[in-house]
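Written below as structure tokens is the structure these notes are about.
Order as written gives the chain letters A, B, C and D; numbering starts at 1 within each chain.
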Amino acid sequence: MATKGPIHDPVADPMIDPRTGEYAVIAPGHNFKSVTQKIAGIVLTSNTPLGWFFGLMVGGAVATGVVIGCTWLFLKGTGIWGVTIPGAWGFAIINFVWWIGIGHAGTLISAILLLFKQTWRNSINRFAEAMTIFAVVCAGTFPLIHVGRPWLAYWLFPYPNTMNVWPQFRSPLAWDVFAVSTYATISIVFWYVGMIPDFGTLRDRATMPFAKYMYGLLSLGWRGSTRHWIRYESASLLLAGLSTPLVLSVHTVISFDFAVAALAGWHTTIFPPYFVAGAIYSGFAMVLTLAIPIRKFYNLEDLVTLRHLDNMAKVMLGTGGIVAYGYGMEVFMSWYSASHWEFFMMWNRMFGPMGWAYWILILTNIAIPLTTLWSRKLRVNVTYLFILSLIVNTGMWFERFVIVVTSLYRDYLPSSWGTYRATRWDYMIYVGTMGLFTFLFFLFVRFLPMIPMSEIKMMLPQTKVKRGGTDAETAVEETV
Amino acid sequence: MKTTLGNEQTMADMKAKAAQPVVVTQIAPAKLTLAEVQAKLDGKTGRRFWKNLDELAETPAFHELMAEEFPRQSMGSSNEWVDAVSRRGFLKVMGASLALAGLAGCTKQPDEPIYPYVKQPEDLVLGKPMYFATAYPFPTGAIPVLVKSDAFRPIKVDGNPDHPMAKGKSDALTQATLLDMYDPDRSQHVVYRGENSSWEKFQQDFAAGAKKTSGGQGLYFLSETITSPTLAEQWKQVQTAYPQAQLTQWEPVNQDSSRAASKAAFGSYTDAQYKLEEADVILSLDADFLGGIAHPGFLPLAAGYAERHRYEEGKTMNRLYVVESMPTVTGFKAEHRLALKPSDIAGFATALASGTAPQGADAEQQKFFTALSADLKKAGGKVVVIPGEQAAPAVHSAAYALNNALGAVGKTVVYTETVNPMPSEQVADLKALVADMNAGKVQWLVILGANPIYAAPADLEFKAAFDKVGTTVHLGSHLDETGVLSTWHINKTHYLESWSDARAYDGTITIIQPMIDPLYGGKSAHDVLQALLANPQASAYDVVQANAKTYIKGDFAAGWRKALHDGWVEGTAFTAKATGAPKAGVAMASTPMSGLEISFRPDPSLYDGRFANVGWLQELPKQVTNLSWDNAALISIKTMADLKLDENDKIEINVNGRKVVAPVLLAPGHADGAITVHLGLGRTVEAGRVGAGVGFDAYTLRTSDAPLFTSGAKITKLEGTYDLCVTKVHNVEHRGAFAQHDLEQKLSDKDGAYSLAGHEAMERSIIRYATLDEVKKHPDFAHEGASGTLVNKVGYGPQGEAPKHDESFFPEAWNYQKTDPSSLKIQNAWGMSIDLNSCIGCNACIVSCYAENNIPVVGREQVKVGRNMQWIRIDTYFEGDLHAPKAHFQPMACQHCENAGCEQVCPVGATVHTPEGLNTMVYNRCVGTRYCSNNCPYKVRRFNFLLYSDYDTESLKFMRNPDVTVRSRGVMEKCSYCVQRIEAAKITADKENREVRDGEIVTACQQACPTSAIVFGNINDKASKVAKRKAEERDYQVLSDLNFRPRTSYTAGVINPNPELA
Amino acid sequence: MAQVFDRSSNALARFSLVLTGLIVIALGVALDQLQRSPWVTRQGQRPDQPVPFSHKHHVEGLGLQCQYCHVQVEKAAYAGIPPTKTCINCHAQIWTNAALLEPVRQSWATGASIQWIRVHDLPDYVYFNHDIHVNKGIGCASCHGRVDEMPLMYQQSTLQMEWCLNCHRNPGKNLRPVSEIYNMAWAGPSSDKPVWCTSTVKGGATAQNVNCTTTNPTAGGPEVAMLQMEGATPAGTAKTASDGPAMGVMVPASYEKFSSQEDLGKYLTAQYHIRTPNELSSCETCHR
Amino acid sequence: MPPREGIYGLIAEFNTPSELVHATEQARAAGYRRMECYTPYPVEEAAEALHFHKTRVPLVCLLGGLMGVTTAFLMETWVNVWGYPLNIAGRPLFSWPAFIIPAYEWTILFAGLSAAFGMIALNGMPQLYHPVFNAPNFRNGATTDKFFLCLEASDPKFSLSETRAFLEQFPAISVVEVDH
């Protein structure tokens, strides 16, 4: 992935590794202590930045939208939404898929890149995972509240009951229950396991007794014993190995919600791959949306460097390409299948009353990103990346909107064609979940180490072990 | 299954026991706050909690509170707000919410009390319904019905199978009279000057008042059209007692045209009966005889038409021509339809009669004219020309002449006495009455059932005249516009509550017997007239029985019993009346009309407005237009363009100074230069909680000199639009060649404005039909891809056909051929077949389904966003250019697919397949993911988005079918093939160790269908009707290429066009 | 830099982990038990009725037939709660002024119903039908228990779906000759108390298909539990278990001997044409 | 647990991983067996020096996975074929293709959980109290930037004086006794 040849003048920019011409993953001059202090400092500092309080409160305020919306929803029924016949699914499902998709990047970074020994991931994987979990939390609320009788949602889980009836395992929704719950559990476990050593560090560096105590508990008494490290390493490797097929399966299963149905526009074999690609696409966009402001706010530029942003932009370029291919194939197949259903669906999608949604999608998801991301200049232009990440997130939301709504509202039987119009409650709950996400994320950056210290240390030159116990300092000099 | 009656008197008080109306107690209004509510309910748990909550939710204070807590809602602005109909639902939800709010979070199901009888009627078996015959008196002739009654609560009204005319069929309006009876807004007291009073006081007052008059001088009666011989007889007696008393019969929608014409033609009022089963060629002159009972003799006419329109080998199909202004189901069933302005129809008819070409006819009309007249002559007497009741008298005269000239009279057309024992020309009479009122001659005006304040011709200024009357009496089921202004209001009993008798279209008399003790007391017209006679205390029962002696021949006791049992009296049918050749008919309006014409029609669902408060009918999508909860200015696409209007535009219609504001709706095929408005809407608050404020009142435009149609209307487009509530979008769009690429041959409607939906319906082979010649050429036209209007290569399967069973993924997963160990025969497999040739789109099935399956009414706002709950709907597709389209009607309900997509995707298995092949919906298992609806290609599943069912209104509880669950919020529901009836039949059969007989199970829609288009039964029994139908070559499944294997299939239509017009 | 935690904390931590696990398990078990507990099912609860009516007294003591009060149990879905009239029939003569019976006399005088509290209360979406059960050989006691030994009526079975299915999936184990429907003490055949059955004319109502007796018919004239015999009866007038007197046609054909409920169940399932478990456990059988 | 007598061992603190690894190798060569290194991040050379290679975590994970797949698949099969056989959309009772997906998910769920908890259990965690924490500098450095080698008293070859001497030959920042 590394484009050879120095683009910038190495002298001008200390962050450039003269040999590769790449931006360094960690700014030079860091050692075990400095890294620890930098990261642990954010968490253990006694004077919290005001900005943090502000952000937290904004998030919390917006999050009340979910509370209010859901209360009214439970009192009145699904009818307060725009859903109707034929458009029986609306925002709830769209948002569900969107959030789950966003989650995927986190797992991808922490798991797949780990398997591929992409050490640059180390500095971003922690909050990428956090993002995953909070995204799944937001996503998870929707399937529960979107059912007509939420108080019976537990019927979706297999448990012995006096009715002798069980979930219907042929239904993709039943599959979702398994996929999403597994995804949530494993992500949390992976996340926590990853943090155990850092909790140890925090315990040892904390000054306030309460913090000491809490981090102590969380660290389960971690003391960095080598035998522990070995088991720990193998465990996290296994978890990574498991998360990889998991993350791929989750969005595949979600795509089955549509692919298994008989509806033209849903009934497509291409869905699984392009849902997964889309998920990662939007996920990385979201990581950028989060990483860029945070590295600025907590001036972590030398741990989350332009190299990271560049790489993530490249991943987006790749996945975006897959997504584009998916769209292309849909159009092609609707013609090639010679099936009236497919043809009409695509025609209606493009030129029907809701055509605007389709074209927004093409613009934001394909046109803008895939043309610009080729330029390295833009890939390392922080402001541009930030804006782009927002654009792509919008685009991916519209993808789901197009799939769900424009396939439903004009299907097989013309007599039952209708339309879909979201209500204020749809929007309230959707925006609310964004607030919830922000709220949780702010809590995270304040109380948990948002960059894995131990893993960063592994990337430092000082780790080089010189046989024969000669002085390590020399070893360091050689490596740089 | 009918039980003969014992002594009717005891019968009556049994019924009294059966259903006592529960009056909801009002708690004294007091200002409430949420806190107080909580306080009130605090500590109340379980039963007491809920009971309390109910009471609370009833208090006006609570309503206020709600209005304050949720002001936006109470304004009813947003679309998730449930409007008037389900506002009570909202309160209940609030009730539940308070519970959720932690007052009594999880209360156990409350104890259920049992109220056993004190004396149980001998012939009552609780849980086994009883059936009683009676008749629904309707101005155009009584509809004989058989009422299903559960513990003496009528729960379903259907046609009387034993009746020679009805043959068990019924129609939308008759079906809906059930809800009309249980209407919670019916007036419940005798009212004197706004104060509750009593019938006794009125009797004395009235009798005394009448005595004071000199021989009834100044004593006037204004009655709705009378079809009861007994009432007529009573009137005679009244006249002998008070010679000067006057009776005026008047209804806003009446038969004046035919009356005038028949008087002119034959010298006396006559009704005409048509034998369509013997007619080869039928010409309807603006007669919507397939639209409903608004047209006299709808049931036999529809049956006769369908009988001859069914395509069978060696049977000549009839051919229907329709000349009309407003598009009706009759018009669209016709092989050839000509749209003419109301004023031109008379011209066309007279021209036809005289044989001279109509003046000012364009080429197309000319062609139609010649072809038609030729065809009529060819038929050799096997012809019927039907004039519409809403057509000008001249049209009727022409029809008389034509039928006579074509030699139809005596063969296919028979003239008889009028159903109305005292026929009259009503508008003229009303004019006279109003004149007398204005002249101050009227001391007593007794209005029997009519509602003139609302419906009287605008130019008569009835209200002004009404104020001049000394004492006004109003006998009415509702305290309506007239009722509130009258000195006396007497609450009228419903026909299901009272004794009477009535003549049907064919003249047979039916004794109307009560099904239940009057819910709110109440009196009938019989009682009112009786109050003036010798023994005022005689009950309606006595009067009717007394009068019955005149027409029940032979042993009276037995005859009477038989009449009650059968639902009709032997030998009372009309016999042909000798009429000479019709004399010179009524001359048509000499001055040719100019300018835009407005034609007034009774609403297809609400008739003249009497059904305004019947939710079922308000929500019923109107024939052809699919308009629900509204009426509109119906207008052709060309005129719309000419006037630069668009659908949903608000316009002001101004007819010489009389104005009304109406929304515009495109009626494909409407005559150009004319607007049709439906009467019966725009009722004020007096109409009741449902009917109030729905639509606009077209009566305000209607004058006594032009009650049918008027001209010279001015249209001004107003600001803003009015979002009409149409259940099916027309999707007028233009896709042109782009859409055509994958079709083997182009359709006619490539260009021009056409309905996208209709176009797709044809492309997708959802509608399949052929002409007679084509069928002869390709008997299997419904399945092959070759010829013209037939199946095209669409969908996933070739020719849109289903793959063979062995091509399936799981060929032997489930077969429905297993032998049933209980009977050692091949098991049952339920299926349905619908003949598109017979379906006339009259909506009877929908209302029948409402009653049978406890389907809730959801209200305008909800229907508008597509949440109407009808389990069955009539899909209407417009084929071709919308200036003169063809239309096709297709009843669409759950297809009970063998490979049902809905079942596969339900995560909790709430919808599953039964061994007999039903797709059952288990409501209490449903969590409401709505995935099933998404995966249903027919979109026939309905979802309770909000709490639609009304759990509060006491009277409605009596009406519900006890064998069907009342579905609650958040639950999916759909057509069940009337599984409750299937199970009942199976249990009876099992007890007797026999097979379920063919025809033993009749679904509600099938039962109501006046043309027997719907057949249901066991498709494994090769002898069954349904199996035979499905064996026909024209049988096809909609969307069969999806391989869902629906159990409902359709018989492709066959039309018999006139080659000269092809 | 001392320890954050003292020695004991290790044990404490591990113990608390184990405890959490146990609590979770315990909770699951508790809920599972709760949903079947009488508190939920209302088994054995005796609501205070207006009149403390004793089935024991009337059935066991006075030997009243079930149908004397529950008239329509063979004809309709509901067994039928007796009208006040039924009580008065006797209590016009006996116990005419017992205080206990005041509500009955009240009702009779005023014409207002006696307001009982429902003991067997199925959810409204369950459509249970008495007559088909009674006519196909399911005895009262099978569901209601030994009513003749209940001084105050109470619900014996859970009436939960799994309970219904338990029988609908294998009706055989509860089938008995229709002649024994009202026999509270019926225990089913056993080796020491066998049952003899024979099938008679085919095609009549179920009830007439089989004759059963508890005394060996080969030894001396059997008192055969005969039921009215009729050919196929027209719809609506289904003759049921005990309509009318037993009319002759006593053909003690070849009697089969049954000494276990299993065999009898098999035999009756065939004779009574009981539908297959598949059909009986299909949803629409009970939910509409 | 009751406070044990005597000391837990001797602990030496180093600045760099190299020194730690070197010392560990020497100690092993000198015949010490009961010893442990403490580092702020995984140092594989140290593990080699300790001759600690095999961990049983993968095995636990595998077993978990197998348990997951069987549980899920058997449950689905039982429910559909025996538990309550219903005709769903005309599909066969044993619709194995559909059953694969939940089974797949539970494989991962069970495997993941057992991997994580297996690791924790095998590491004997939670162990909030541990003697090494008594070493004055331990919590300062072990999780930050220092590298520790602890020779435990339970080792037969352990003797306070000799072992101390042995450790002091390396460039350790400090060598201190750790008591229980």
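We take it that contacts are C-beta pairs under 8 Å (C-beta built on N, C-alpha and C of every residue); 3 or more make two chains touch, one makes a residue touch a chain.
In this text, all values refer to a predicted model and were calculated from it rather than measured experimentally.
Judged by contacting C-beta pairs, the busier of the interfaces C-D and A-D is A-D.
Distance between subunit C and subunit D, defined via averaged C-alpha coordinates, is recorded as 62 Å. For the pair subunit A and subunit D, the distance between C-alpha centroids works out to 30 Å.
Distance between chain centres (mean CA atoms), subunit B to subunit C: 45 Å.
Centroids built from CA atoms put subunit D at 79 Å from subunit B.
Each of the following residues of subunit A touches two or more other chains: 164-168, 170, 174, 203, 216-217, 220-221.
Among all residues of subunit B, those that touch two or more other chains are 901, 904, 909, 912, 914-915, 925.
Residue positions 4-5, 10, 13, 165, 278, 282-283 of subunit C each touch two or more of the other chains. Contact topology of the protein chains: fully connected, every pair of chains touching. Within the complex formed with subunit D, the residues of subunit A that make contact are 31-33, 36, 158, 164-170, 174-175, 178-179, 181-182, 185-186, 189-190, 192-193, 197, 200-201, 203-205, 216-217, 220-235, 238-239, 242-243, 245-246, 249, 253, 256, 453-455, 457-458, 462-473, 475. Every residue of subunit D that touches subunit A in the complex is listed here, in rising order: 15-19, 21-23, 36-47, 50, 52-53, 55, 57-58, 61, 72, 75-76, 79-80, 83-84, 88-89, 91, 95, 98-99, 101-102, 104-106, 108-109, 111-113, 115-116, 118-120, 122-123, 125-130, 132-133, 138-140, 142-145, 170-171.
On the subunit B side of its complex with subunit D, the touching residues are 810, 813-814, 897-904, 909, 912-915, 1045.
Interface of subunit B with subunit C (complex): residues 1, 109, 111-120, 125-128, 820-823, 912, 914-916, 918, 920, 922-925, 963-966, 976, 979-980, 982-983, 987-988, 990-994, 997, 1000.
Residues 78-80, 82, 90, 93-94, 96-97, 100, 728-729, 731, 735, 738-739, 741-742, 756-758, 760-761, 763-764, 766, 794-796, 862, 865-867, 873, 875-877, 890, 892, 901, 904-909, 925-931, 933-935, 937-947, 969-972, 1038-1039, 1042, 1044 of subunit B touch subunit A in their complex.
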